[in-house]
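Comments concern the structure below.
Chain lettering (A, B and C) follows the sequence in which the chains are written, and residue indices restart at 1 in each chain.
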């Protein structure tokens, strides 16, 4: 499962770097804690980071289970699509939130394939016992 | 651990569907990213989704560990209670936020039983070595 | 991996207790759902809880992988530093958000060491096959 785990770790690294950017943006745009609004660029970065968190809670367990139950190769391939989608999402959202559709749609599609694939995998195990 | 994993996957599916509903509500109630406020129904859906995320970070690792250390049957049963509690929570919160107590309390209770059961399980392993 | 798991469970317990405190603060400071702003003390507690969630999504998988690939002893030691850092963070943030630097920096540092150590661990496995 090393390749699948490598993808998970790169996704977490992307997310942690986004978190650092939010911290730096607090100072630069003078949005002092606990506020999360006050400057449009800060708000975009903050939402990109939050959305990445929202995706990771589903992506991390599901990509591992997909590697376990369906295919390590496909789990890795879908994971790489997810990593690219998250970069597209972040870059486009920060430039113009309305243009986030491609990155958002692609990362959502990957998570959906993983969840449904895993549910199929677990159903097969449970039902054939 | 297939049944416990099935419960985890259904919980993630519920959460991903809620995320889709938040996305659709952005358009319907004209709450454009990066805003997260502006229409009461959108705000309720958004908070239900966020609260589900807040619960999943504790529920997912804890229900697996409970299956591992305490009992797979009990982990599955508590997990099913959690799934039902999350549906009650979502339906009632969207109708009227003040009525969310039952669903919120029940999902919180399940997470507490899981965390404390796991801590007891791990303490027994660590202390009897 | 019992000690590493014990650290993960205490981190989740800290987080769940913070969640309870946010719930109690809603009543005390009259910040009714779905609002997340309205009283400075509530806003601080709410952000401390959210930030803990933001850290846990990286901390939980990474500390386990660190125990698995690098060293259980170091994973446990770094995990204990994280637990202490989260308490410092919560106490100082609630007192005065500007003083959160020590707790925030320390917990961020631990997560960074874990992510980079895991990436090194997984790279070694993948490349030496």
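Here is the rule we go by: contacts are C-beta pairs under 8 Å (C-beta built on N, C-alpha and C of every residue); 3 or more make two chains touch, one makes a residue touch a chain.
Please read these numbers as outputs of a predicted model, since none were measured by experiment.
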Classification of the chain A:chain C interface as same or different, half of numbers criterion: different
Rotation in the CA alignment of chain A with chain B, degrees, nearest 5: 120
Centre distance in Å when chain A and chain C are each reduced to the mean of their C-alpha atoms: 19
Contacts with 2+ other chains: residues of chain C: 53, 57
Chain C to chain A touching residues, read off their complex: 40, 43-44, 46-47, 53-54, 57-58, 61-62, 65, 93, 97-98, 100, 104, 108, 111-112, 115, 118-119, 122-123, 125-126, 129
Residue ranges of chain C in contact with chain B within the complex: 2-3, 5-6, 8-10, 12-13, 15-16, 19-20, 23, 32-36, 49, 53, 56-57, 60
